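In the two assemblies presented below, chain A is common to both, partnered first by chain B and then by chain C.
Here is the complex of A and B:
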């Protein structure tokens, strides 16, 4: 879905693991009947709209499915791993994996210092802090389709950006939306749209640092850079690294922004995984192949998530994630 | 070099902070202000890349309703996103109540997968849903693709886990002693949920409702596949019109940006209004618009 991010931690939750028997002995057993049926509607719907489709997607990836066999997919021929072989050999999947990885990692790395700096500027108290915090959030909360529409228009060959560059004497004839340049255009626009996520995560980390620690650092007479380097950054490592992971995964799943910015078919440089899968499935109607590519995407996405879980279990303090 | 702040939480020196705030605010806000300015600029001037309009074209905001068929688009987005958000939140309360108050087999797995499924790629879920929806037509003779109902079902794939997770994190904070008091007073378990927990948890429910609404409102992937001209959401309308301008049609960019502003304003206001929940929501359940 690309628009959601989630805390990828499954750290055991201590308060949960202890069975809760509120006032157990005090009440007659009749009232202890637990209305577990309340789980049923949400639980069964989740199974129906997520678990079953997920299983079907796995199944689809082994089928020869196109626009002719789709409607009678139960009878569609099984082709084993042929879709996976085709995905890896001829569909440009490897290029898309590379492009998606480079795009999501670069975007996160460029957004990170900006987000941290922004969080530092609004950590102390001052007049108008609320307004500044709101301003920082505006690009982030714009719907992606609006962001894409805006930048698509101003980055046209005759658009406002080239006009401005021409007026400044920086050449005004750049092609932003086609060719190799499109990759950097996407990185730039997505940094603009999403840096505030890092800002929010860094800010939530800054707010957990105790006042005493700040005061101690101030008394020690350290310069501001040392204070950031040795006091702030180590303290916000937890939420910040979680933020970086989620941001990367989110960029990896981002479909709307490149779709609106470049249209379909996308320039080769921004033929990211979701774009390639969409094109394969809904424009070339190779549904089985698209499913195989989606499964590969999911496998790639679990790598950083698992790595994060491993490392956060080893050295995370319990309060770190649960802000 | 060694500067001592009056407010110890202020890490940056005041001058550096001032410069940084100015630059970052300009970076964040100027493109948005430019969008608003261009939405008041004649279409041909926007296409020609003008930086300041020769005259303000307030007519954009009148004409765009026809050009973009903005009204039906906003209506479709509103219906699909609100319905999915209401269903998700209503079901989420019951599920979250059980998940936070009782232990039962499968509970831990359920909680873990609630978090996990929120980073499932949308393309992975839309494929089988599309397959099932289109085969319902040939197996049962029902049309699902292109209807609002089909779109709402797909929106539940992200609204339901999100709403449930938001409610789980919220209900955890409501002390159980309040419910125990209700139980002692003779209420059933369901009675305590209905009379005590639900009234106390409306802030959490609001957040679940707003955030799952925003996800639906911002969707383009599912809607671009599952809608037909009559049921298109505003995101899809804008995407199609943006492309049409390059396919040789007259670029009605001023109106297009006007429509963008109109579809962004409610979302931006909702976010800014719920800003203080946003940080909590991000760290506990995760939201992005």
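Here is the complex of A and C:
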């Protein structure tokens, strides 16, 4: 019955159409009759925006494309896998992948509890809740460039942070923006800038938990932590998982923050992947090598990304998840 | 019916895409062929001056040629390079580019810029209207120039005349050993005053020190035939050692300087916390004139005799300042080359050059304007001397890798500087790696 209605509304049959086979009405619509053509505009744009540039990058990765060949780049000499060999051997790519992974995972791990706790503080009703919620969002709505500039000034040798530490007797001569320390500086600043995203996702999950669940838990005599562990976390798992995945990907791709904080060339500890590829491509003009580095990264990152998507079931349809 | 609908949708999508693409590509068109597009660096610190200067140029250019100038701007060196790269690939974009001098060799290597003929130079006003030294970064040789000097920013040294007098030092140093001796004498850590300020963590400054020290002692970053990288030479290794020794060995620099960019070094000098400030351009004048040291400072060329010597060795060069500043280059794809040449002629005319100096502090590379300014503003005499004695950096498309490699070696050594130690073997390793990259880059040269 449902099928008949669908066919009737989307595709009225002309009276002269072929006689229908009895019993066919009970079957789901055949694959070729789905209105797949509706995807054509979006599909074309996807091809244009994603597939074409990706194929170009793949092609570039086999070329000796640099400042000398850029103008006639179609005729740039093919060098086979030389760019890939260089990417893996001397470009510092593997170090950058490691630094980026460590940075993005650590930042997410630190930001997650902060975001969840912040969401819990504004979940209940109280006077001024709107104002507190707005204040929480300030670091998140600041553009990365502004965040980076702000912290670069604050973390100068004679900046506000060192002054504060000096006044507290904790030593005001720390160098935050050079050497190995720069890694922890970056983690700290990015946590400051990004915890509000986790907060938003957690809050959206918290708002969907019905009062009855809390009441039932209270009747069972649960404490605060048990309520978090057995009521809140399972209920917000969906939006929170999505938030954690998106946040980690965002940290992994963050170029602006380390670029503004440390400049280029950056200390080794924060020579993250986007920084390394940018420097290779746009400062050394090795576009072919930069493209090869990007392709290698894509391959390496696809493995954990797919594993994560499958384990968190973010790639499954609602029916599959329910099943 | 279905097929017809599919076909209709396909056509619509294609039209939409084509429309979008046309709209994108037409944004670079010049609307009637009488507009000259010029790409310049954004200068937020002088926003009003930029607006006034551009309005004046537009007016003067219109009066001279009947055509309009449209200024496009880039906010950073990175954006400038990206713009150049995309324009070169697509064959559309600005007609005239304002390029930094160290970037000119790379721009030349792309083959995307017009090589200036004798007739072109004549239309601009002649090659000899420029100070010879400022033409050092215009092209690989006089027959293959692509860039016309527009504003010079030579590097010199500024010192606090009052502190020098109080310490009984009559003259600014002319050798680096004198520089060290003076710096030690002027250092009083108890009052937070140090002999010199150094912007160790500034990627635009640090390599210039190494260039200066290495060339004066007879070393080179690249051999004169532009074929061999020399970043692992003893002179370059020593240069980095001497650079860091100002802090680690002589203690004449604030230990916090391991994290200083040029703004912090200038602030230290401006606040009377440093007696000398090397490697500065005339653009520092507004900062100093708005500070407690106003009227108590003087510019001179940097010392030109290397460490440990009283005279330069035979193959040592008088390297005090690189040829630095901005040049103008015309894109090869430009269909308005004559207008572009007229524009360059206009902005390098003595009157416009003086107006530009007043607004922005870049010294004129044009002899007539420079002489007039030097006679009216004694503060810049030291810079004029530095400009006239400036030496070009190697004119090779591989330069970016040389500069990056050198800067990277210093960047990675800053933590040991901060802790007061200097590990020469670690620096040697970094330089060896930088040299390898630079050599590979030189080996790829095709022009």
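The rule is simple: the second predicted complex is superposed on the first by the 258 of 323 C-alpha atoms of A that agree within 3 Å, B and C clash if a C-alpha of one lies under 4 Å from a C-alpha of the other, contacts with A are read in each partner's own complex, and residues count from 1 in each chain.
The working rule: contacts are C-beta pairs under 8 Å (C-beta built on N, C-alpha and C of every residue); 3 or more make two chains touch, one makes a residue touch a chain.
Since this is a predicted model, take the numbers as computed values, not measurements.
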Partner chain in contact with A:282 - chain B first, chain C second, else both or neither: both
Contacts of A:73 with chain B and chain C, given as first, second, both or neither: both
Which of chain B and chain C A:265 touches, first, second, both or neither: second
Partner chain in contact with A:81 - chain B first, chain C second, else both or neither: neither
Chain B versus chain C as contact partner of A:306, first or second or both or neither: neither
A:178 touches, of chain B and chain C: first, second, both or neither? second
Comparing the two partners chain B and chain C, which touches a greater set of residues in chain A: B
First, second, both or neither for A:64, with chain B first and chain C second: second
Touching partner for A:158 - first (chain B), second (chain C), both, neither: both
Footprint overlap on chain A, comparing chain B with chain C: 38, 41, 45, 70-71, 73, 156, 158, 263, 278, 282
Chain A partner contacts - residues on chain C that touch it in the complex: 2, 5-6, 9-10, 12-14, 16-17, 78, 81-82, 85, 88-89, 106, 109-112, 201, 203, 255-260, 264, 397, 400-401, 404, 407-408, 411-412, 414-415, 418, 436-437, 441, 444-447
Interface residues, chain B side, partner chain A - complex: 1-5, 7-13, 16-17, 20-21, 24-25, 27-29, 31-32, 34-35, 38, 46-51, 91-92, 94-95, 97-99, 101-104, 108, 110-112, 115-125, 127-132, 134-135, 137-138, 153-154, 156-158, 160-162, 164-165, 172, 176-177, 179-180, 183-184, 188-190, 193, 215, 217-222, 224-225, 235, 238-239, 242-243, 246, 253, 256-257, 260-261, 263-264, 267-268, 271-272, 275, 278-280, 282-289
Residues on chain A engaged by chain C in the complex (per definition of touch): 11, 37-38, 40-41, 44-45, 48, 64, 66-71, 73, 90, 156-158, 173, 175-181, 263-268, 278-279, 282-285
